[in-house]
Every structure is written in C-alpha cells, then in structure tokens.
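Naming follows writing order (A, B, C and D), and every chain is counted from residue 1.
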Amino acid sequence: MSAAPLLDVRGVTKRFGGLLANDDVSFTVSEGEIVSIIGPNGAGKSTLFNCVTGFSPPNAGHVLYGGRDITRLAADRICKLGIARTFQIVQVITDMTVLENVMTGAFLRSVRNGAAHEKAEEVLRFAGLHEKRDAAATSLTIEAKKRLEVSMALATQPRLLMLDESMAGLNPVELRGMIDLLRRVRANGVTLVIVEHVMEAVMELSDRVIVINSGKKIVEGPPKEVVMNPQVIQAYLGDRYRARG
Amino acid sequence: MGVRTFTKRQVSVSAAVLVLLALYPLAVRGSFPMHLMIMVFLFAMLGVSWNIMGGYAGMFSFGQAAFFGIGAYTSSFLLTAYHVNPWIGLLAGGVVAALAAALIGIPCSNLRGHYFAIASIAFAEIVRIHFNNWKLIGAAEGLTIPMQDESLRNFMFHSSKAPYYYIMLGFLILSLGVCSWVTTSRMGFYLRAIKEGHDVAKVLGIDVVRYRMAAIMISAFLTAMAGTFYAQYILYLDPESVLILPISVQIVLVAMLGGAGSVMGPVIGAAILLPISEVTRVKLGFKGSGLDMIIYGTLIMLISVYQPQGVWGFLQKIGRKKR
Amino acid sequence: MADQLLQQIVNSLLIGSVYALVAIGLTLIWGVMNVLNFAHGDFLMLGMFTAFWCYTLFKMDPLFSIPVCAAVLFLLGVGIYRFIVSKVMKGPGLAQLVVTFGVSIFLANLAVMLWTPDFRLIEKPLLSGTWSLGSVQLSIPKFAASVGSVLVSAAVFFFLKRTRTGKAILAVEMNRDAALLMGINTERINSLSFGIGSALVGIAGAFLSMYYYIHPQVGGLFGLISFCIVALGGFGSIEGAFIAGILIGLVQTLGGYFFDPAYKYALVFLVYLITVWIRPQGLMG
Amino acid sequence: MDNLTRRKFLVGGGALALSPLVVSRAFAQGKTIKIGAVYPLTGNLASTGLDCKRGVELAVEIINGKYDLNLPLARTEGIPGLGGARLEVVWADTKGEPKNGQAEAERVITQDQVVGVIGAYQSSVTKTASQATERLKVPYVCSDSSSPTLTERGLRYFFRVSPHDGIFSHDQFRFLKDLEAQKKQKVQTLGVLYENTEFGSNVGKEELKYAQEYGYKVVADISYTNNATDVTSEVGRLIKANPDVLLHASYITDAILFTKTFKEMGFNPKGMLTMAGYIEPGYLPAIKADGNFIIVRSTFALDLAKKKPLVGQVADLFKKKFGIEMSENAARSFMAPFVLAEAISRAKSVEAEAIVKALRETNIPGDQVIYPWKGIQFDPKTQQNVHATGTLVQIQDQQYVTVWPFESAAKDVVWPFPAWKSRK
C-alpha cells in the first residue's frame, strides 16, 4: 500500500441522542480491494455507511476519499465523486421498468437519453438482467431486485461501491451468482466495501475484514486470521459461524 | 420504454386528432361549444403543468392557483399600469411565478406528501390574502383589462372566439411538448426517482433540492402562462376568480382523473371533467339544489376508489390487451 | 389599552383551545393511518347540525347532546372509513389525498340539499351570556368550550397512554408492521381511530354550536386551520396539537389586534410555513 | 384525446350549434322576445340568486299579462311597441364565478339570440358579463349590482337602475346630518369597519371619503377578512377606539358573527349603520332579537306600502305567487325587466342600437317604481340612474322598519342604540 488509500476513515464518531453508534472508528481501503465490515446486529455498520456516504454526517472524525475530505458533503455530491452504495432494505424505483431504473443511475455521467440507454443496456448485460429489462421493477424476485440495485449503483460508474447486505436472503445458487458478479465488478477496477452477514461470501470475497462491535472497531485483518481471533469469536462470530459451517 | 419511440399508429392518431381540433371552430356555431373547448384546453394545460411537479416528482401541490393568479396579475398589471404588451406580460408573468415558486420551494424542500400539500395550500392562501389587500394591483376590486382593438398583437379578440381557441390549443401543445421533453430527458427520470424517495434519489447522485426546484419552477411558469391567457380571455380578474382553493383542487382532479404521471393523462382528465361540470351547470344549474356538486363529489370518490391510476392508465390497459 | 390587551389574550386562549379541540381528532386520524382528512371541517359542520337538530327537534341543549354528537360522528367516521377511505389506503398517495376532497364536497352540498343554505343559531343555549371579570368580558359558552377542550385533550391523552385499546392505537401509530406482528388487528384499530377522531370533532361541533352560526359551509376555514395546527404540532401528537392550537389562537388574535385584521389568517399560514421550514417534523414531532 | 370523448364533443357541439340556428334578430313581430337573466343559481350564493329570480319572474308575468298596476307596460299584454310581443327569460347560472358570467352572457346572446341581458347580482360577475355584452353589442340593464366601478367604465351598452355603494354610503352621511339637525343628536367620531372583498373595500373607500367631506373624525378604519372564524380582535380595536357611530359593510356570515361578538364584548356605540349582510333574508331568523336597533341601508321595505300603495300591491302579488314575503333582493331585481321592456317598446325594434337609444331616453316617473325614488333617468355619461337613492331601515321588534328619509319613515328612529346590558 504505497499510494494514498482510496478511502480513509479517521476517528468517525456518531451519536444518536445518548446512544453512541460509532465510536472513533478508523480504517482505510485501497484501490482495487474488497473489504468486508462485519459485526453483530446493531453494531453500527449501517451507520458507518451513512457517515461515509453523506446520508448522516458524523459528529466527529473525518472521511477522506482519494485524499479529499468529503465528511460534510451532501450524499449526491459524494455519489458524483464516485462512491455508490446500496441499502440494507432494497431501494428501487417502483414505478419504473428495470431498464429505466438503471438508466436513472446512468444519467449521472451521461446527459443524453441515448447515451444513458446504451450504458444501462451494457450494465444490465453485465449484471445478467438484460432479459428482464422491460419488466416492472416491482415484479422482480428478491435476488433480481438485489442485482438491480447493484446495477443501478454500477450505472453511476463508481470507483468505490459500498454494498449493505446484498447477499441476505439468497439461496445457495443465487449466492454463487452474486459472488461471481461482485468478482467481475472488482475485475473491472471497482473497489468494494461490503457489509455482510453471510460469512461464506465474506470469506470468499474479502481481502480484508473489519469487525465492529458496539460501535467500535475491534479487529482488522485477512479473513482467515480474523475468524481465528478469540476476541471476535467471543464477541460475535463463534456461534453463528460454527452453526453454519 | 426507456427511449420514447412513436409508433406509426400513434403518429397517425395524433395527426388526425390535431386536424379535427383545428377544424372544430369551423364545425360549431355559437359561443358555448367554443368556450367549453377553450376551458378544456386551459385546464388540460394546467393539469399538464401540475403533472410535472405532482405526477412525476410527487409534490402534490394544492396551491397551483397561486401561480395561475400571479401569471394573470403580472401581465394584467403591466398592461393596465404601464401599457406593456400582454405577450411580454405573458413571459414576465411566467418569470415572476417561477421566482415565487423558488421562494416557496426553499422552505418546502424537505416536505413530502401530505406535508407538501398543506404547505402549498398555506402558501396559496397567503398569496390570495395579500393580493386581496394589495392596493397597487386593485386589491379586492381586481383589474379590468381595457378593451383594445382586436389583434393578435393585442392578444384580444371580440368578434370571434376562434383566435382564443387556437392560441390556447397552441399553449396546450407547447406545454405537452415541455412535459414530454421533461419525461424523456434526464430530468424526468430524476423526478420519478425523487417521487420514489429522497434516499434512493440521492444515492444515484441526484441533487434532490435542485431538481425539485426546477420542476416547481417549470410548472409555475406554464401555469402562469395559462393565467395570462385567462386574463386576456375574460378581461377581468380578481382574487376570488383566480386565486382560490377550488381552482387548485380542480387542477389536481383533472390530472388525477386522467392519470397523474403520464403526458396525456391530464388532457383526458380535462376532456372528461370540464364538460361534465359545465354541462351540469347549464342543465341543472338553475334548479339550485346543489345536486351538481353532489354528483361532482361522488365522482371524485368513485374515481379515487375504483380508478386511482386515472383513465389514461385504464385506456392503456385496454390498448395493450387489444394488441 | 392594557385592559384590551388582557381581553385579547383571554380571547386568544379561548379561540386557540377551540382550534385545539377541532384539531385533536384530525391529528389522531393522521397519526394512526397517515390519512389527511380534508372533510374534517365538514365533519365539524355535521357535528354542529346534529347539536342544532337535537335542540330544535327534542329541546335538547347542546351541553347534553354532546354524547349524541359524538355518537353520530363516530358512526359516520367508521362508515366513511370502511366504505371509502380503507379502499384507497393501498392505492397511490394522490388518491388518498383526493378522496377526502370528494367526501368534503359531497357532505357540504348534501347539507345544502337537506337543510338549505340558511344560517342557523341555537337561540337560547343553557350556557350563554358573559361574565365580567374586572375589565375583561368572558363569554360563558366560549369558556365552556375551552374547558371542554382541555378535558377532552386530557381524556384522549390518558386513553392512549393507559388503556389497552389506546396502547394498541399508539403501537399502530409507531409501527404498523410491528403492531401487526404483535397480533394487533390494525384494520380494526384504523376504523376505531377514524371513529374516535370523528367523534372528537363532533364534540367540538356541539361546543361551537352554543355560540357560532351553523351553515353548510361553516367548516372550511376551521378545517384549513386545523391542518396547519396538526402539521405544526407534529403529526399524531395530542399535546402538540394543543400547544399549536393555542399558538395559532395567539398569532391570529394578537396579529389581528396589533397588526392588521385583514392579514390575520395570512399570519397564521406564515407562522406555519416558517415553523415547518425550521422543523419539518413539527413542534412535538 | 380518445375517440369516445372526441365523438361526444362533436355530437354535443353539433347539437348545440344546430338548435337555435340563425334566427334573425329582426324577427317577426307579435311573437316572443328573449332576454337573458344571469344569476348565481347554484353555489354559495344560490339562495340570493333564487331570490332575485323570483323578482324577475314576477316582473315578466306582469309585463306579459294584464294587471291594474301603475307600472310600465302592466296594463297592456306584452310589449305594445312590438304589437304585444311576449317577453321570455332565458336563465343562465353563473355559480357566482366571474368566468361563468362572461360565458353565460355570450351563450345566451349567441345561442338564444337574446336582445338584452339582466343580472348578475355580484359586481365581479356583472363586470365580466357586461364586458361580453359590450363586445357583442347587446344592451345590459342591471338593477342588483352595487359596485360604483360598474358605471365608471364608460361602457356603451351598460345601464344601471339601482343605487351603487357610493350612493348608499352617501345616504348614511346624509342621514347623520339630518339626525344632527332634526333630532338634535351629536355625532363626532366614526368607526369604519368593512370586509375586504370588492364590496366591502369599495364601501370603505366611499365612507372614508364622505367622512372627510362631512367633517367626521374616523377613529377606527378596520378592513377584515370575510368568513372569519373569530372577530374578537376586530371588536377589541373598535372598543379601544370607542366611536360614536359604527359603519359596517359585511356579508351575512360576518354580520352574524359580529353581532354576537358586539354583544359578548359589550361594544356600545350610539348607532350602527350597516349594509348588505344585515338585510339578507337569513340574518334576522338567525340572530333574532339581538339584531334590534341596527340600521341597514336598503332600496326597499315592505312598510313603504303605507306611503306608496303600489308597493303593497306588488308585495301581495309576490306573496301569492311564491308564498313568501318579497325581499330586498327580489325587489331590486324586479325593476330591470320593466326598464328594458319599456325601452324596447318605445324603440319599436329589437335592434341593439335602437334599444340603447331608447334606454338613454328613459324617463319613468317616480310613481311607477316600487322604491322611494323620483323616477328612472340615466346619466348621459355614466348611464347610472340619477334618481336612485337608498333608504335606511332599522330593525325594531325584529322587523325592518323604514326610518329614513324622515319624510318616508314608517316609524321614528331609535337613537342612541340601547346598551347591550340594558336590554332584556
């Protein structure tokens, strides 16, 4: 890691009334990496996403993207700079078709309808949704909706893609497909930060894993090491991983 | 239908409708059928303008009368006080209304749904009350537009309603053009995303406040144009005739009945609602029982319950089945 | 001068608490099912007419016909919910907004058809006249309405916080899905809330009928002002509605007295707009 | 636009277009002559509009039939100048909206070929309707709209029989002067209270003008929003200013609310001179005894019959025909058909220019009108009836009683206004 990191989170703290959702969290993400953030429910992972992407700025600390301080920027400005994200609960535009949804994302980098259309078609082919392009977004299965959401984010042509539980609720076949999709996304040069509960995906995809508990970062490292860490096993992982395994 | 493509059938139907509409003044006698169609076009235009902010961006404005009135008052005031040509007044009215829209857009930039609806009513009421007391523009007495020679330049015609008819038809086509340009362009996509939710819009890099603002301002501009037309057509205006809540409600109804969020919806809505209300007035009016308004209220309830997507959606469904 | 000031403050409190009484029913309906009832003012009108007919036909004073007004409006509310509002709840947001406009136009004109657009007053209500407290004139029926407003607000507050049904209503208000999971019949809660909300405005109608004229169009401005009060107080907040009602009463009366009566309602709407600009969720939201 | 609606339009439009066809206005004599009557027959003002309609209906009946009344054209059947042609009214509903005033005036002229128009009660609607008649060159005789501006526009085809708000306001001041001179009452300060739609603000303007002219001091000048929920702040201002006389211009809703609030807050001027709302048919039934001693401007009162038998005869006919007493609105609208028909009769033609010429030459003597006027003659410039004046009536024992001009008074005026507390 010689060059400046793509994303540099420094001492982010977020309070909701008396509740400390993020407590002095720091980490970095380098260009081309896949970093997973894991932790029990309510650990503050989604809050951290919101702090980074401008949806709810932190009370203290800084977020640097490509060396630039983006802590106080509005969400749409951050998106324009190249950070795209998805939500824990799938967010698509319900009264649009699949293609129109993706075009809405593509319009960020192309003003004209035709260009956006082309880009959207390209993304849909890439994400394996091309056949469903004229279907209403509401008619899709959970898996297709998740793919759609990822496609919408990709259509904004991000450098950094942050996915909030994109694997939840998928069956094993669908899970393979999604893992494959994310690999190809990375191969195209997009850096990934994912919040995930599905450990199978985390273990397979991640270069590095960050573990958060009660708003604090407790461990960071390669996936194999992290799962061996007694602190992690105690805090959260143990039961669940063993039960699945 | 990511890219708008017109089928041959659509083009030929539109051309036929346009020819029929162009010939209509030659086919009818008397002023009432002309007046009726002018009112249909006027409210269709108002509905189309509402649609840009309400149907696409989900800002359910119940205060369009404010923009309508501002348009009518601006051109009429400029005409009566400074002899400014009404065509220039038309543009000035649009600009003033768009600025007023920006003024109200700022405090309302985070309001959605019901909250926006109430705020828009409050705004329109403030405008109405102020205009009602503002001596400069005639206060409650309103403005009477002085009779001038009839000419296109003066935007005034006495011997026939046909010129008003064609001008209003032109305005309607213009607003339909703006609306369909908005829907197929980036802005239309963005507005629909904003309607879905501010979060989903922001995550796609959409500057929510800016696009909402743009939608309100475009809508206000077109609504104000219709207002100037109204003033030149009726030649008199007072706050009670252009700034009241029932006008705003009727605009929403036209859009909803036809189909909010579709380009042609409000046109269909106006073509159904206006003849019903005008004809019941002429046929039932002198009995004075309130029956026509009861019918109107019932109609609104039935539409909301059974056809909430509007007639346009219903027609499209039928059209699809046929194909 | 000072006397009139005191008088005006008293008047503000009187009209403000009546506004609050009118608005509480609306905030309940809005809070529980997120439906904005544009016919609320017309419900008020029907409450007033109910009191009027009780008085005219059965010689029943409005003070005693309060339960009748509440009952009639409760049934009307449940009926309108069941047959009309519940049918659009799953539909597009615009239909939800517009449907009650239809109800409003329908009810107001039905009243014209049934009862003519004549103006009526309840001639000799039990509570009438004024008390002179020093230099301040206190209208007895208005004072009664204010006391009623405080009592009703308190009763609704305790009903929601203390009773089983009330807690169920609050649960639905906070989180519909969770309430459904907890085994609460949300459909029943909806129609109950609509009924209670309507009954409350019926009570307001009974109090108003003691001193206000009764007319098919009487509800319009009351309805509009109660929307502002509800949005100002924070949706679904009983205490918020009460505070906002008093605030609006003060703005209107003192604004009219010191500034310009022609602008007093404009001031009310302006205060509302400024508040939601700063606090979109309302005072207590 | 879909096929169905388009077809409906074309069919509807065609039918509308064919029905009246091109009936030449120079129609055969001895038939019927149509006049258009434009009124708010539905909507908020429906009851007023229907009131006006009754007045017009009775007038047309008298013109077409043979009645032994001292009214123009009463003793002959139909219009003598046109060989006894019958008068027929085409009714048009405005819903009280200005845009409908224009549309309906145009509709009755172009489709029903009416030769003249009457109406429209509300001044704003009369404005648009009379602009339509001006464009289409058809005479308009108005006897029920009171905005002074109507006859200040220099319209060629518009005539007004009834007094306007300026005249009414002037009457109030002439009354005050008479009161001071003849009844030895002292009046120095005035409170001017008016609602802020067109009607009220016009009256307010006129009253302020006359107050200065007649040398009264205005201690309160209050314009307020109509249809208010509460008027305590307005009354508070009045109490603080404490004027000798209150001048109040309001519609009925505010009239009721103000009366109740005056009583509640104990506002006791020496006199209350009011307009419009206080004489609407709905006011007294609603307010009952609390209305006593309030003075209202009027053009008509049933008790004029004592001094003018014609009034009693017409009022009796009215009551027989409709089962209710003739109201002020009905009485005002009553006169317009006579004026129009009488002019047509003299013109012996239905050509607009001929009728206008005849209208200008109108000279109906005072004993042929049901108001206490010297007659009907139009000012050559404004075309306003120069003899139109108002009367003042006072509510005494819940009845409207003519109290001014003193020479037409049915009863003495009660002055000063008895304090609320002293009443039982």
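Please note the rule applied: contacts are C-beta pairs under 8 Å (C-beta built on N, C-alpha and C of every residue); 3 or more make two chains touch, one makes a residue touch a chain.
A quick note: this is a predicted structure, and the numbers were derived from the prediction, not measured.
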By Cα-centroid distance to the whole-protein Cα centroid, the innermost chain is B
In terms of CA centroids, furthest away from chain D sits chain A
So, in whole Å, the Cα centroid of chain A is separated from that of chain C by 48
Rounded to the nearest Å, the gap separating the Cα centres of chain C and chain D is 38
Taking each chain's mean CA coordinate, chain A and chain B are separated, in whole Å, by 43
Per the C-alpha centroid definition, the whole-Å distance linking chain B and chain C comes out as 32
By the touch definition above, chain C meets two or more other chains at residues 112, 260, 262-263, 265
By the touch definition above, chain D meets two or more other chains at residues 46-47, 196, 223, 225
Residues of chain A that touch at least two other chains are none
Among line, ring, star, complete and other, the chain contact graph is other
Every chain pair meeting the touch definition is listed as A-B, B-C, B-D, C-D
The residues of chain C that touch chain B in their complex are 30, 34, 36, 84, 87-88, 91-99, 101-110, 112-113, 224, 227-228, 231, 260, 262-263, 265-266, 269-270, 272-274, 276-277, 280
Per the touch rule, the chain C residues reaching chain D in their complex are 1, 4, 7-8, 11, 14-15, 112, 116-121, 123, 130, 137, 139, 142, 211-213, 215, 217, 220-222, 225, 252-257, 260-265
Contacts from chain B onto chain C in the complex sit at residues 54, 58, 60, 62, 104, 106-108, 110-111, 113-115, 117-119, 121-123, 125-126, 129-130, 132-133, 249, 252-253, 256, 260, 289-291, 293-294, 296-301, 303-305, 308-309
Residue positions on chain B within touch of chain A in the complex are 1-3, 184-186, 189-190, 192-193, 195-197, 199-208, 261
Listed in rising order, the residues of chain A that touch chain B in the complex are 53-55, 74-77, 79-80, 84-87, 91-97, 99-100, 103-105, 107-108, 111, 113-114, 116-117, 120, 134, 152-153, 156
